[in-house]
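Just passing along the structure, written as structure tokens.
Letters A, B, C and D mark the chains in the order given here, with residues in each chain numbered from 1 onward.
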Amino acid sequence: MIIKLRQNADKAQVEHLTHWIQEYGVEIHTVTGKMDTILGLVGDTSRVPLERIQSLEIVEDVKRIQEPYKNANRKFHPDDTVVQAEEARIGGGHFGLIAGPCSVETEEQIIQVARNVKAAGATMLRGGAFKPRTSPYSFQGLRGKGVRMLLNAKEETGLPIVTEIMDLSQLPLFEEVDVIQVGARNMQNFELLKELGHLRKPILLKRGLANTLEELLMSAEYILAGGNEQVILCERGIRTFETATRNTLDLSAVPVLHQLTHLPVVVDPSHATGKAALVPSMALAATAAGADGLMIEVHNDPAHALCDGPQSLTPDAFADLSRRIFTFRETLCGLSSQPEKEEAE
Amino acid sequence: MIIKLRQNADKAQVEHLTHWIQEYGVEIHTVTGKMDTILGLVGDTSRVPLERIQSLEIVEDVKRIQEPYKNANRKFHPDDTVVQAEEARIGGGHFGLIAGPCSVETEEQIIQVARNVKAAGATMLRGGAFKPRTSPYSFQGLRGKGVRMLLNAKEETGLPIVTEIMDLSQLPLFEEVDVIQVGARNMQNFELLKELGHLRKPILLKRGLANTLEELLMSAEYILAGGNEQVILCERGIRTFETATRNTLDLSAVPVLHQLTHLPVVVDPSHATGKAALVPSMALAATAAGADGLMIEVHNDPAHALCDGPQSLTPDAFADLSRRIFTFRETLCGLSSQPEKEEAE
Amino acid sequence: MIIKLRQNADKAQVEHLTHWIQEYGVEIHTVTGKMDTILGLVGDTSRVPLERIQSLEIVEDVKRIQEPYKNANRKFHPDDTVVQAEEARIGGGHFGLIAGPCSVETEEQIIQVARNVKAAGATMLRGGAFKPRTSPYSFQGLRGKGVRMLLNAKEETGLPIVTEIMDLSQLPLFEEVDVIQVGARNMQNFELLKELGHLRKPILLKRGLANTLEELLMSAEYILAGGNEQVILCERGIRTFETATRNTLDLSAVPVLHQLTHLPVVVDPSHATGKAALVPSMALAATAAGADGLMIEVHNDPAHALCDGPQSLTPDAFADLSRRIFTFRETLCGLSSQPEKEEAE
Amino acid sequence: MIIKLRQNADKAQVEHLTHWIQEYGVEIHTVTGKMDTILGLVGDTSRVPLERIQSLEIVEDVKRIQEPYKNANRKFHPDDTVVQAEEARIGGGHFGLIAGPCSVETEEQIIQVARNVKAAGATMLRGGAFKPRTSPYSFQGLRGKGVRMLLNAKEETGLPIVTEIMDLSQLPLFEEVDVIQVGARNMQNFELLKELGHLRKPILLKRGLANTLEELLMSAEYILAGGNEQVILCERGIRTFETATRNTLDLSAVPVLHQLTHLPVVVDPSHATGKAALVPSMALAATAAGADGLMIEVHNDPAHALCDGPQSLTPDAFADLSRRIFTFRETLCGLSSQPEKEEAE
């Protein structure tokens, strides 16, 4: 942390400040120039309250030069985290292909889609039971009933399931869910994150529409700090001025996050683009960018989907895309996404 | 709603679509040109599922030309809503001046600040008990204890209190709170909004960092649809590329919202700018833009505030600003912010 | 400037770096901690090449802690700059009210509007002769002929004129123009800025749609560095995700710029909002925020304007707004915008 | 185009409007409902002035439902445009690999880099002679001398050259340049675009930092409307709130542009990310997204580059990346980037 003092700062106050900072166990080095005086703080500054220092009259500016997260930081945890749900693994070379409908609609639908995506190579089944919808007049999901349908689909196909929680009070319904998804709008629902930190179950944490990668890592830190180390990060598009796509998929997030953290990173091209026609090219691009997995919407009847139909692939289109993704990973990376092969190595 | 059909769309499918749409009780008018065919839907289209229509193969594009909110819409409710908490009123010419510290820290602090801001003309006391913080290592608020301290400050000064809820499970602690604040990060916490719709208590709904005004109104609609008509909207800055201020205060939101809705609109210049030095000019600007109230951070010792010190005014600075705001409103608008005077008219 | 070295950086390379930096005439202070080593550069670092240092293998991060502009910096030039065109002055307490149509259309139109706005208190006449239009099929302005019509309007009314240049090659036509406007799209047309720096004529520099305030000041620095000290900055809205207004007017730019620079700041609410109905409230808000002037579109027949009709006020609406702005400035600030009164003081 | 009339719009005025619109040669269909009246305009509406209609008192809203560009529109020109410079072709299955330093620094440097990138498979040489720099104190390029050095490098290696023009007045120096680049800051320098439309030489048009894809196509339209059909579009990152990368590379622009236009689309991952370490993964991702080419910064000594060193690859890193790009294209797409092979098909 670097503190730039105001010109002619009161000496007694500066001395008072340095004593107070030293109580946080960090060293202070003073750099005095003709016009500026700078205090350089060295050591673990993660608990030094930047805002409070910034508010002092003698201080002109404060800049952090260390990452404010620890548990999520690759510097302190160099090896890739591998998240596992049943047989499916994500991270550390394991590729996760999560597919399924936006919403669970009927038992027949979800079982049919589960069979389709499994046959095409998916490693997990996604499906929304609790649906965050902008309008109170839109379909809000089958809720508890939807979760039970997903569990039935799991029983039929063996695919572990990923589904979104919208509120702490729904937690009891998620006991058998394999991976709990935190949606973009809840990325900074800190009460929820704290509680999920006490579970020992994988959490798929989606990046908020207007959140920086550092904020995404701070939200992961809430979960990790509680002792739950099974966190998957998900890039799903950010809000920008461009309206040609629903959101702007920020694929550079993939290599940037891989530098900063050991947590696996998956990409959701369906929600990002909002258009089925754009999903295959962005899914391939995400794979090329080094993503540890993909999350893709597949619906057996997109034209009659109760929500987000326009961005869902048909099972056939998904099977075709899946083939291209696997071919690409095998050829270029010499990596296979099928867990059994990887175990055989 | 306007539906643009693809060139050479199958006639039977188009007929099927028009029958299906008519079941929603809207009229359809077909406009056929050399290159394009357009369906114009007339009537109450708020329940017609735009996404589902958009996903049909025969459809090229769908555009809504009516607002998707009803209860919040000024067209259906031309008169200004006046929100009342104890004697304080906001909206319809009544100006609310909400002031207090970012966080409640001690009973002495909150009572002291409450007395100061009341003396300076504030009509409500704000103070955070539950604090949403980006970092799990930052001060998270005094929680239930903080709410009780606020209630004591109310007893001392008579000022109704405004404080933020972060999760549904905290609702029992808010029984005596006068105005429940929904923070920017929870603007689309739909489970919370639905529940607040069942209360009969004013809700101060802050605009999310990356949310459009239409989305803000849709979130208000969640509360209004539940029967709770006491909603105050709050502009508090949006996230943009500019880093000179913490957020970009979007003051044009004030006149735009006044056109679209009957709900009162207040502005929070403290969180928007993040810097005390910018608060007075932006508070005056918000008043000039026609805001129905202001929400301003005041701390008796900003340099030692546990959070957001840099954006808090001292009680003296607040008193000075308050005087300028009242003078401005009296002179230019011929309006006074003190409710008793208004009743005397 | 603060340079954070990588852990285990090669000592010889570090020494080489420090020698090289010292050639720029700055002092270096080294701060060594357990995990990090930091170099603090003190003195005039404006010519030290940040990017080059950033690219060195031994460097983890570089942060500037001084503003990269000098001539525009209030620290080195504490007194407000007053820009003058004929009798009209802007800055240092002088308020400029610049009004006129988006485009010059006919001699009758521009003279009529000039008379109207002068009668209502405008201090300068604006009007576009060269028009930057997104579409090649839109009206592109009367060009040289338009400039001459503006000069005729000046002769008729005495109002100094402000008009936009779009390319260096047009400069000869601007010889008699009082204030040359650089539009938002040209804010970083550096060849143009350099050339304008060699003039001794006021330049009104509009902020680009996606440019930070620091970049605006760097563009002003291009002009100032050439010796032309007559620069007026203009906030006219930035591009964000919000679509309710054409752009998002960033009024906090006014107090921020007043802290950072001595140059006057005017606000253009017409282009920012794109809607006449929003102009009066945002014009008042800009005045309350401390702007040194306003730039407002006025057209005698907005419904038939050749461009940007929807954002133009009628002469009557402008006269009404002008009265409110002057009243507001007189009452609240004790400041008058009329130069003659100010000289009388 | 759809025009929504205000409730109770004056009948005579509506009739006047419809007559006036019909003069543009479009048909009008009126849709009357209980609450709304809508006019549907059918035919070529590209010259109907939307803004002017929007400003009429009887009009509530106007929406365009056709693209405002014609020459760039794939609907009117379904076949891919292939742009050719010497032997290098881009578009229609031909992949362009444009590489070279940010700035031309010395003749030795540019010839050395040209040889390196040619050996690694580059099809064109890039290098900046005129450099747009935020600061007037930064290196501004070798200008005319730099162009001559590039031409020498072309003579040595046979690689066609791409270099940026900053102002119309520099055009005479670009006579022998193979591809003229228009930088992001000049994307809406309409005077420049018009002039380039009169040339018969390929133009590489970079997307502006805050410009939509529609605006990019409108700027291409300026060039195409002048008769120059050789336009290459370039995605190079947009400005968002995220600061982890210099800009946010919008890769979904590639498939979206391929739907909307016949013009080839290349991607510049170097400027977008600003960091060499991120270039390879984003270059592969762009290839996977279907880009027609890449523009990559390569410098023989990035640590001593005069500008943008941190984002330049070394020649070795570029050769490695180039191999991976070609392998990827051959395997997955069955497409080769070498034009001679394609001609053999």
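In this text, a contact is a pair of C-beta atoms (placed from the backbone, for glycine too) under 8 Å apart; a residue touches a chain by one contact, two chains touch by 3 or more.
What you see is a predicted model; the values in this text were computed from it and never measured.
Participant: Report which of A-D and B-D is connected by more C-beta pairs in contact.
Facilitator: Result: the pair with more contacts is A-D.
Participant: Could you work out which pair in B-C, A-C or A-B copies the interface of C-D, where over half of the contact pairs coincide by residue number?
Facilitator: Going through B-C, A-C or A-B one by one, only A-B repeats the C-D interface.
Participant: What is the distance, in whole Å, between the centres of chain A and chain B, each centre taken as the mean of its C-alpha atoms?
Facilitator: 28
Participant: Counting in whole Å, what is the centre-to-centre distance of chain B and chain D, each centre being its mean C-alpha position?
Facilitator: Result: the chain centres lie 40 Å from each other.
Participant: Using mean CA coordinates as chain centres, what's the chain A-chain D distance in Å?
Facilitator: 32
Participant: Pull out every residue in chain A that's touching 2 or more other chains.
Facilitator: 210, 239-241, 243
Participant: Considering the complex alone, what residue numbers of chain B touch chain A?
Facilitator: For chain B paired with chain A, touching residues are 46-47, 49, 51-52, 54-57, 68-69, 132-138, 140, 166-170, 185-186, 188-192, 194, 208-210, 215, 218, 221-222, 225, 239, 302-310, 312.
Participant: Which residues of chain B touch chain C in the complex?
Facilitator: Its residues touching chain C are 210, 212-214, 238, 240-245, 248-256, 259, 272-273, 277-278, 281-282, 284-290, 324, 327-328, 331-332.
Participant: Show me the residue ranges of chain C that touch chain A in the complex, using the header's touch definition.
Facilitator: It comes out as residues 2, 4, 27, 29, 31-36, 38, 40, 42-43, 61, 63, 65-66, 239-241, 243.
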